[in-house]
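Quick heads-up: structures coming right below.
In what comes next, subunit A is part of two complexes: it sits with subunit B in the first one and with subunit C in the second one.
This part shows the complex of A and B:
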């Protein structure tokens, strides 16, 4: 019965995602006519002659890369949020728990101040995120205390330190160019996404998502507690380590492309659990699709609602915070 | 006798009254009374001699009026216009940085011995803080930018610094260039749409309220941006919006972190008229920005007119204007190479 419900929900979400994909491809600041998009697609496929070069450029070089990347980023942030919440047995945890977002922000700010290209900025943001996570993972080893609480506290320390570093950089940054770039990057945007970002993050998405899907039933076991997991023969340190590495890679890759986007990694896993229950073998795939769908809708609004590009964190906050309140209301027994 | 005494007393009273009034008015004539751009009245006992500020376009008026560092004792952002300031000041690095933007170290301000702070309207919250440490403050540049606001800030500061004649001379030069641009563009047969990008990102654009719009219009163009409101700040848009506007010409500041090649080689930009026709230009200069609400905007007007109407206003004519300006203001000139003008 549960499996039937899961299959039905998963199918509905996939269909919704496909429909939303085509709606999103059809709307934008240049044209909102779906026929323009269909004509362009048919021309590319060789089924129709006489394409409009501007629409061709918009569909294939502007909208499609952005739509694909926004789905990937949404999926990756939601998935890392879901597994973090499972591993740490804490529903309030989000993907920037271990300092990834702060580290990535410092990496991006450094690149901006050094006048690096967009691609270089994405690489330094990714490396900054990984550096932060590495320091977070090192602190418990240094104190010879590897329990979850120590890791979470390390994440808070590292996030705080990198936030201070970022503040120094903002203070030193040139106001009219560097500071404006850093601030806008921090608010999250897909406006600068080109096709090569898809190539950059797709391998990370495929590999890490596959690993986490395969390990999802072990997250269920981890949720019983360390003693119970050990008694079932699980190597907790190894499994937890692999899960954290995959989730951190997913978060670092996403943040390096889009900047920091709040709420999605916290709220979407809860929505998934509300829909399908707490079994991570079902929550993980549902969260991936829900996250992709949510981010696609948000980014479509960000680029179409007004002439100015709306930062993504503004929209995810406006939507995510009330949604989270609603989810807490629905799960009030759990909260109690 | 009595009548004579009465006359004498009356005469004495009148004489003393006249003397008192003339003494008072002599004192009053020494004071400088100003009304700044937000309507505050400022009374200076004498012209200011030591000025601080953190907003480059606002502080630039004091630099221009002094022909260099004459009045400047404290700076904000020292990197913008560094090539110019290093050329016209004896020791630019020695000038103290009092803070950046809205963050000011008031102890540093006091240590400079400054007697006047000049700030833009967007930093008007600093007025109280400056006054508390004993400085006079003039809010010299309003949020909404225009040629009038530049005239206003030069006139205001000219009065505050006792350099009104110099302010008039510089304003006269700017008015002359505006008039010249109008004459030239009246002969033009078409109006091109121009997109002015921001320095932080190729996807940031100048909305109506910025001085860039006035620059474009006086040079005989039309601002390609529409539907964007905002005062004094560049606004982020997406590439599809820029494609929709489809500008004929794109200008970007010389201090931007990207180049014309970045846009010309980006496939997402390839269908825009300006990119197709390779009309993407860095707005001068490499010595100081000519696209900000400062006196050098006069040179920006000249270059913009040449860029849109090269047959009506040649490069040699621009360089003559540039030499006249820098000679008048600083007593020196710069080559086209130094300025980044081709």
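This part shows the complex of A and C:
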């Protein structure tokens, strides 16, 4: 199997990611000089004497955690979008399909209205997202109909319900503070990210990404449909279940930290397929790196373009929607 | 043309259907106590009117549906006790239509036939892609191996489906109306391949709407008439004008035609 195209693309993306990482590390309100950053890094590593403590603080405690988390969130959202598209045989769906985003929004809103801390808000958002997916997964069991369509419709029902719940909460929320917080949370931001967020989501990222990488070929088979997948000997309920659990954990973790960010889970997998074809053994790793790169660029723009922080969903929307239109144009034969 | 990718020791393999009944969710019984046997090297055509249960029977043979009573024995073992993976190593299913969502290449599609032979976290390696390529070569379509399978003709797609079941290295092949959407030339091409496969030891069961194909394939027939009566046996013993009338409700004749040196099943002139 000719892997050179894949290896070349993967290498280029990794290199781009590293370069963007350093550029992003050097950009900010305090100092835009990459030499300052290099000095700081070297002195931390013990290769150079004397460091600027303010710069050190900026690089390691302000910028770096945010940069790392934005890469992780980008990777996680893109990956879950890619595998959902494979499992549900539909290149036009996003990770919000099963209700994670609406559930997480309700969880976050609850925390905001109860005056909880940021960390508590992240936890309730995470739990809210998982609760929504669990209900979505439970409905087909209740109706004794486990096929894909049932799961999708179930997701629509649950998303709709949680959205209404969120609307009630917005309606009774205190206008100036609570409502504003809820709305801004929904627009997505990495502004308050610190080191401990990395600790929280890295294990989820490593475990779920590894599992999904290992199952990536099986996603190809699932995308043929239940009949064919079963005739090829696959235990579809089990494999689909594992994949949905991993993808949901990835989405819920991301959303709980950064708020809901649209478009990335829909567009990046498409870009990946355009670049490397539809074989998921290649799409999955490419999507992870592309998502990290994309989110890093978006978040860097969000904090540097103007003096105020631009919410992430605004940027992903302005970039993602036209990009998606372009992708659909290129792939218009696929849309039935 | 050597098609076989069968493993060695393939002689007396058998799919035995014993008193199988089936209904969807406890409603009307579609299959009523059906019994017959498929041996390796045999071709069995399932004939019957629309909606009578031909495809249902076929799916039961692949354990894609479970009989409500009776059992199916795969080489002597009760299928209900065998897990899907093992069944997939022995029985292949060629669906009537494929509705692709993504445009995998033909080779990527055929290599998925090796799924029952790979571990759950395994990816196919070079040797597996080689086997998939060989399957394409056996039917003479390796030249389209890199084309997206969404952009090949219906005839080529049918060949690709058959290639995948060859790559699956099964003993029994189940085909749901393999010629339904093919032009006449491709129909005969597929029938030729089916006959070759049977000669090489595959046991093949197919559903068809064309009784003349039965006469071309010269295998056994499993027939449902319009009253859901089931008949099974050699085509020459069972198939006659009366049975055909009871299946399709119209007059069909079986006659010997010298120019093609065979019996044909044909409709009389429309007045």
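We adopt the following convention: the second predicted complex is superposed on the first by the 333 of 336 C-alpha atoms of A that agree within 3 Å, B and C clash if a C-alpha of one lies under 4 Å from a C-alpha of the other, contacts with A are read in each partner's own complex, and residues count from 1 in each chain.
The criterion applied here is as follows: a contact is a pair of C-beta atoms (placed from the backbone, for glycine too) under 8 Å apart; a residue touches a chain by one contact, two chains touch by 3 or more.
Predicted model only: the values in this text are computed from it and were never measured.
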Combined model on subunit A where subunit B meets subunit C, clash or fit: fit
First (subunit B), second (subunit C), both or neither touched by A:45: neither
First (subunit B), second (subunit C), both or neither touched by A:35: neither
Arrangement angle, subunit B at one end, subunit C at the other, subunit A at the vertex (C-alpha, nearest 10°): 140
Contacts of A:220 with subunit B and subunit C, given as first, second, both or neither: second
Touched partner set for A:230, first subunit B, second subunit C, both or neither: second
First (subunit B), second (subunit C), both or neither touched by A:309: first
Subunit C versus subunit B - closest C-alpha approach in the superposed model, Å: 42
Interface residues of subunit A shared between complexes with subunit B and subunit C: none
Subunit C-facing residues of subunit A, complex: 1, 86, 89-91, 214-218, 220-221, 223-225, 227-228, 230-235, 239, 273, 277-279, 281, 333-334
Subunit C residues touching subunit A - in the complex, by the definition given at the top: 62, 64, 84-89, 92-93, 95, 98-105, 108, 112-113, 115-116, 118, 120-124, 126, 129, 150, 168
Complex contacts: residues of subunit B adjacent to subunit A: 77, 79-80, 100-101, 103, 198-201, 203-204, 226-228, 230, 234-241, 243-244, 255-257, 266-268, 270-271
Parts of subunit A lying in touch with subunit B, wherever the complex brings them together: 28-30, 53-54, 57-58, 61-63, 112, 115, 171, 174-181, 184, 189, 191-192, 194, 303, 307-309
